[in-house]
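Chain IDs A, B and C follow the sequence of writing; residue 1 opens each chain.
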């Protein structure tokens, strides 16, 4: 048996972004000894990249807002595929979660009367996003980080040890969730700094690892987004839900190449920025889909009036949900009306005075000035779609955030599926993190507490197998019968990104996705032979070689589910099935491991690893359905759903 | 675990030293800057040194500091019996005949103290003279460092008292500038090149004094709730805008005060006559 | 503009020792130093350790020293260098090195824990917080901090004097004290915690000699010295060195 450091905790949270930290705070406050594991330094999570704000129907700016309106917007944005109970909980609880942040020291921008200011955003009927300039995610992370420190200070006063009840293991990667029979028994991981393995025994594990963007070439996501949590859940036997829905944010930077994909916040449009093509035309007016026709302005004049008088005018179509805008930009570029570097123009310079721009969009100003040498107060930005968010994720129970079929496994945040349906509204992610982060922490603590002395035990064989799996890249060459030099993990990764970008991107076609599945099979074989130089201490090549397993698993889920769903809806657009199909409204696609036995290393790499099943969703509760007009429901729901 | 957020349990490395010692990356050079980092501290040191030499000479000279209607700012107010008589001028004989040396010494202690404890000048001479540090990321040559935690540098904390004194001195210099609207026969309503020099000088002196960090704190910075003190908030913002130029004002007023003194010296020694505008 | 071959010197090694290693590497239009480091990883030195994350100047992970100056690798464009210039990249030199460009920044996390957290006001529930924009402006500037720790790295108090580390919180965390002291609803004082006094007594504010290097290196452009450290020094003076203010507060408390 390999010698690995073992510790015992009540709840282990994998991931230290908004959801993970919120879960950790909750679990600790409910009395569970809680460990948080993150790949980066504490406080560097990808949540810091969120710019626009936190959607919560507090009604501070427009008192017409309430949770029902927020729920409605969320369901519309997700094209009614949302797990409606999650959308309901989210809309109801978001204001409490935002206010709570203030009691932990967060400083949001204020209204004139001293309350939290709220801004407009795509798909939200009222100004709803609590924000801090355009660095809301940073405020969220820092507040949660400081709350964790506050709790540790409390523990220090009581026990003399800061980390007696809440500890952050930073720069560590989890490679396996360990199980005792069907139940979770802990996690296996390694320290990035030293390469040493460790095991945290715990009856409850909360996965909050975020998304999968690093499987795509053009993405706003950081290196951490390798789908680790998705893969951990899959390997632990939990299914993934609706993985075909990947959000391409309409506005990412397109130039210079090295920053291609970095996000340009939606607040640019919320605050008055407009999209133009190379002919100078505000093309979004041509792309308002039927379901949204009566909600958006038909003329530029009306759209412009809306910023000052939202009650009597309809909003400009630049503020359509993200999937619509991304597709529109894609179409304009394809039609040859794009900008020099293959995007379109996003202009605030002619819409607002320079000082207003630098005050309201400081980090955008900074970002373009520093990275592209573009002064956004004087010239338009060039933007194009970038892979931003995965709506699909671990299938969870709406109320408890418990993953299906694996007792002790919980998931929250981007890694959990269902909440956003087929498309997420801007601002709903940060509120999602808080609402379901808290719920996951709460139920994980409760579950762990309920076990008393019947805790699951860590199986030494699983630990040894996990260790062997993690060490494989160091002996890649010798172990393979095929011979030849080991693969460079960077090359395999680049090919994977190119494949997903080109063949399973914004606009999808059946034959391309089949091609992608073939390519993924080839890459899986090569990834098994990925070898690394050097030793285990802070070795990025090794880390990438291990992450490849996760990216390949998740990519296969995306490709298979996308091939299966023969319609276009939200973040899934099929050229060969261009329309939304009401018959698909209540169909969920679940991905699971094809061979769900506990044979840890998947040996038959060429064969597909993922099995897909269809599932009919539970009908929307009548009182929630009653929030919508009949005429609107007709567009989404199948006949039999309407008259039930 | 090493990657936890706790400090390492054992500290194998020495507890003293700088960038080239202990567990830091083994790089022999005290710094790797390739730009001309030494230029700024060198220029600062040269500028300050030049002023010190000039002002010491002039302050101890005890001569040529009055050319009606102008009095050198180094000698104003003149508070000893041995001062040159200035009609309606700022000389009050607070110090009797026992004061034998230059009367500038009595009063210069205040502007000198103000500038010596000024947050900008501190930066300037800590970098320029003390090399603590000479420039950012350039190793300093001292074995130990305690900053402003103990005597004498802890006295820097009395900066605000020098600020109050500087306000008084600026008031007197304003009075001198008003007096400069006389001619050499003390008739009012005249103006010469010297008047203009004095006007510029007093404007810069005030701007420098008001832009002081202590002033910014006193007018409003100490408040927790600006919203409850709208007038002080306005003043704080205004001082804040000046404060952003504190360094430029520090140098400009240093030069202007020397120029004003030099001007009086040149007129007093008869190098040239003050050109009169009217 | 086209691509060219640049000369790099990158420090490689660990706590046992190391040296600057020479590289020649392709540079393309619009790239930043981090792109070049990544190219080195992908083509010449797969185990070159570097810490990074967002690559957009928002997370503060990729702090290092370029040509001797503390900077974010992702926010330093290659176009600021001459093509024939040799660019030297080293890890942060104020902290223990782990490997290559990665340092142990644990010092900062230790210091973060020593600053008492925000104290919520009693009797004000969630949703009842009222704060005016002009009151939150000041602490909001400090909350722009991305914790890249460049200011902590450049500050000569600890950079050149390891022995000062226990006593000195560093610019980032003194700024945190200032932030909390300026927070319009922080109730530390009511709870018996005097942040102004502890800034001097417990967090080493007196070590700061306001030479402004922290402000110079801040990638967020926060005016750390002018807006946080000096105001905090003045607040400490109110408590400790100004007899008039001291007398005034005594009299006010009595009446």
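The definition used in the following text is that contacts are C-beta pairs under 8 Å (C-beta built on N, C-alpha and C of every residue); 3 or more make two chains touch, one makes a residue touch a chain.
Everything numeric here is computed off the predicted structure, so don't read it as measured data.
Enquirer: Based on mean C-alpha positions, which chain is nearest the centroid of every protein C-alpha shown?
Expert: C
Enquirer: Tell me, please, which chain's centre (mean of its C-alpha atoms) is farthest from the centre of chain B?
Expert: When every chain centre is compared against chain B, the largest gap points to A.
Enquirer: Measuring centre to centre with CA averages, how many angstrom lie between chain A and chain B?
Expert: Each chain's C-alpha centroid was found; their separation is 56 Å.
Enquirer: In whole angstrom, how far does the Cα centroid of chain A sit from the Cα centroid of chain C?
Expert: So the centroids are 29 Å from each other.
Enquirer: Hunt down the residues of chain B that sit against at least two other chains at once, touch-wise.
Expert: 5-6
Enquirer: By residue number and range, which residues of chain A touch two or more other chains?
Expert: 42, 162, 193, in rising order.
Enquirer: Can you tell me which residues of chain C touch two or more of the remaining chains?
Expert: 109, 113, 132
Enquirer: What does chain A use to touch chain C in their complex?
Expert: 40-46, 48-49, 58, 95-96, 99-100, 102-105, 107, 109-110, 113-115, 132-133, 135, 138-139, 142, 146-147, 149-150, 152-153, 156, 162, 193, 222-224, 255-259, 262-263, 363, 366-367, 370-373, 488-491, 532-535, 537-542
Enquirer: Can you tell me which positions in chain B touch chain C when the two form their complex?
Expert: The contact residues of chain B facing chain C are 5-8, 13-19, 21-27, 31-35, 119, 122-123, 126-127, 132-133, 136-140, 142, 144-150, 153-154, 157-160, 213-214, 216-217, 221-222, 224-227, 233, 243-244.
Enquirer: Name, in rising order, each residue of chain C that touches chain A in their complex.
Expert: 14, 28-32, 35, 41-42, 46-61, 75, 77, 79, 98-100, 102, 105, 109, 112-113, 116-118, 120, 126-127, 129-133, 136, 139-140, 143-147, 180, 183, 186, 221
Enquirer: Help me check something: in the complex, which residues belonging to chain C touch chain B?
Expert: 11, 13, 15, 17-20, 65, 67-70, 85, 88, 90-91, 93-97, 103-104, 106-107, 109-110, 113, 132, 134-135, 154, 156-157, 159-164, 182, 184, 204, 206-213, 216-217, 226, 230-231, 233-238, 240-242
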